[in-house]
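Both complexes shown next keep chain A, but they swap its partner, so chain B is in the first and chain C is in the second.
Moving on, here comes the complex of A and B:
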């Protein structure tokens, strides 16, 4: 068994199993928590609308802070959109998803994906440089932040190396790329990468509570 | 034609012109990607050399490699056999049988001890003391061990000989192994493929016969000149991969337009072989050109790497039960944690009230 067989076989199975285990543990654990009863008269009955409004509005910086947050927001949007294009637009990735869940779609040309991957990587580097140099962010950051950045950037780097055949034989580079993605899968439910799911739940919950009380969300 | 004749003498006796011999050398040098000047060196060396003895052993195999070898067109097998080498033992092609055939092998080994080239196709079964493959009462592993002792070099022809191939595939009932697992003290060249490209087999033989040495090998013991690049990198359909154009079935528009076969399971990106450059049937075509994805047959354990029709980016694991168990366990622990939290909350509420 070579490294690629190892990555496509046992490691893939167990990384997906750990991902599923962690995701369901955290989601069930959080969604079934007891909620405090709000005995006040609702000002607005469509609290769900408040939740939706909050999710959308808080995805965009408030005008008062735009100048201060422009760098972070722009860099974050660039690498998040870039990651989405790479993950959901590259045909080999789509085939992986289709094989797993049975749903597939058309992909984008390789050139567009490689271009997006380079832009994404640049944005990721800009984000970590800011985290390492910004005095406040630096104080707020811990192992979880840096490791989450690492497991996000690693598949992009290894994917580009594999696509360009840089640094080794293609099958080894592909194996390392798959292994780096599997590391991301394993870390995903237990670290800050979970924000990709919890973000919507947290904002939605806050928006729903505020909406019920008639406050601006 | 005497066995002691040099190659040049044997060619002259057969009425083969110097011009025809030079054409053979030029074609072989070109196949081996040697500089143009090497054709003349090859001609000079070969014409003076005594035809070396070649002993060809066949074990757990389907004779596909032998079939392939007979279809080599440049250099042809006949040309190699009659002009360049002395093929002293090969069960598939020799007229002799039984005791006479074995006697021919033993004589050739004795007369050329330390100098002959040993070619092997097929895996070697070592289970039950080699009882799964015997010839004239001797096990394959014993014959190979004895023959390898007197060989100058060993060429493993086909994936079975090179890596164990299909006989070695799970569950490997006969304990089939590659030749290199048996022969440890001689240089072994792996000419893998199921079967190998004919010109790759004859090209390696011609290289040895010309230079008296084996070509440069990769980490799997394959000649780099033929196995240096992946099928994908030299594939004429590669531009379609880069454009994101893929055939989704064997008879859709993409297939008819000759688009990339990656989605249909082509293993070209991780398979090293000369198929796209040398091609098959006198340079006519190769599997991908004929509309089927590469099976990766020149790589070790290709038979056990999942479906031929499953894309390379997908997993080869099976274990829905493991995923189901992980999901149930995760959900159960999450529900359990929520229940514990609710109970604690209710308990603290009660305490506050009392």
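Moving on, here comes the complex of A and C:
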């Protein structure tokens, strides 16, 4: 069995299994903790609407906060959108998703994807440089922050190398790319990458609480 | 808990703000516990209170640091220690180790070491002195984490560990024992009411058996701004309401909540709830006090364990309602006014528009601060911080944001609807020899009533 078969076979199965099991474990570990009932009389009977509003609105800072957060927000948006285009727009990725879940769509031209990958990488580098230099981020950051950055950046780098055939045999580069993605899958449930799921829960519950109070969500 | 606190720590009621007299020695530890027992008590309390809501919040932080940009302590000092979510670090550590989904692994491999008493002691400044629980951080968080709520929970742990800033602990203990944190005992309050009633020729009903409205007051008003009692009476008498003050439930401030003692919070709230139930009140009016609003309007029913059998309104909401329906009439006030939004009433309470409706009826030229409403900057005195002497220097630093906001508004008059904010402004005014004086919205209405 060569490296590519290994990456596509056993490692892929195990990483998906760990990803799914880890996600469920972490989510249920939180959600099964007790919840207290709120007996206060709501000002607005629209907790659900508040939750929904918060989920949407928190995607962008309120006007009074925009000036002080512009850099971080812009860099984050660039690499998040870039990653989305790469994952869901690159034809081989779409084929992989189709094989996995049976749903596919048409992709974007390779040139656009490579351009997006480079921009994404630049934004990721800007994000990590900021994390390493900004006094607040330096103080807050822990292993999870740096490792999550690494497992996010690694598939972009290995993907670009594989697409450009730089640094080795294509099959080996592809295998390394797949393995780097599998590392991301395995780490996903245990670190901050879970924010892609948790943001709906956290924003939603704050939106529900303050929505029923008639306050800003 | 000691009961000789009156002699050991007498009240300071003559200054611009109310507190206890500055102690010669700092006692930032309460009770006789070993370091290990303190840590154990803090963590046990924190973990015991842990529910799904808090767990989701603590799991969700992406360490983006945006909360720092909303926090007046960070913005004014550039000190990263004041980053709001970092204030929760020992408690986040405890959660991951004791209650989180992967707690087993964290313990097995010691991935999160046990919190030490020394760490908790150091964190006292971050949990109390440099957090007013104003909730601006909650508003900016891209994940929607209610950091202010978590700080409130962390305070519960700190209280059980006996690690509360001394002044805040002392006023909370006094509130639990005497019924008021600042010496406004039922006897003192009754004397004040009799005096105010005579002096101002206004009827102030006390201890009616049956009334439609139960009026509650803040001890800051009773001791420092007693005209608020007169103003409330004038408004309610003008409306012809059947109302009362009751000496078995009048104190709306809740230092149990601010210091982090859930039982004391409950005791203080239950006094008002029981008084309202006894006199069959349909409405409980809360005074111009920010955290009193949160404690009763949003936490009261939860303390009671079922929906409250009466409505709860902040006095500004009551005024807005009765000015809006035409039952209350006021003269025009030909002045430009800027309004300071108390965090617990506006941003965290949702009653942001009520004072604006009142000011609209008064016909003032409203100059909004930038930002205002739910995004407004905190005065720096909330969350019990104004009582903590060692936090003064930091508090004055953050107060300068407010001074600039008020000055930039260009308004002639500064109005607010929270007596704790008001005493913070008075103290700041005295400290900086500032030319702006804080006024009460309620008193502005009462002074301009059309009978």
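Just a few scattered comments:
Operating definition for what follows: the second predicted complex is superposed on the first by the 217 of 217 C-alpha atoms of A that agree within 3 Å, B and C clash if a C-alpha of one lies under 4 Å from a C-alpha of the other, contacts with A are read in each partner's own complex, and residues count from 1 in each chain.
We adopt the following convention: a contact is a pair of C-beta atoms (placed from the backbone, for glycine too) under 8 Å apart; a residue touches a chain by one contact, two chains touch by 3 or more.
Keep in mind that what you see is a predicted model, and the values were worked out from it rather than measured.
When both complexes are superposed on chain A, chain B and chain C sit side by side without a clash.
Look at A:10: by the touch rule set out above, it reaches chain B but stays clear of chain C. When the two structures are aligned on the shared chain, A:103 is found in touch with neither chain B nor chain C. Once the two complexes are laid over each other on the shared chain, residue contacts for A:20 go to chain B alone; chain C is not touched. Set side by side, chain B and chain C differ in how many residues of chain A they touch, and the one touching more is C. Contacts of A:174 after superposition: chain B is touched, whereas chain C is not reached. When the two complexes are overlaid on their common chain A, residue A:2 makes contact with chain B while staying clear of chain C. Geometry note, superposition on chain A: angle between chain B and chain C about the Cα centre of chain A is 170 degrees, to the nearest 10.
When the two complexes are overlaid on their common chain A, residue A:33 makes contact with chain B and with chain C alike. Once both complexes are placed on a shared chain A, the shortest Cα to Cα gap between chain B and chain C comes to 6 Å.
Chain A residues 25-26, 28-34 lie at the interface with chain B in one structure and with chain C in the other. Contact residues on chain A toward chain B in their complex (touch as defined above): 1-2, 4-5, 8-10, 12-14, 16-18, 20-34, 91-93, 95-96, 99-100, 107-111, 165, 170-171, 174.
Across the complex, chain A is touched by residues 230, 232-233, 241-244, 246, 262-263, 269-270, 300-301, 305-306, 310-319, 322-323, 325-327, 329-331, 333-335, 337-339, 341-342, 345-346 of chain B. Residues of chain A touching chain C in their complex: 25-26, 28-41, 43-44, 54-55, 58-59, 61-65, 68-69, 72, 76, 134-142, 144-145, 190, 192, 194-195, 198-199, 201-207, 209-210, 213-216.
Looking at the complex, you find that chain C touches chain A at residues 50-53, 55-57, 59-66, 68-70, 74-75, 78, 80-81, 83, 85-86, 99-102, 138-146, 297-302, 304-308, 311-312, 346-352, 370-371, 373-375.
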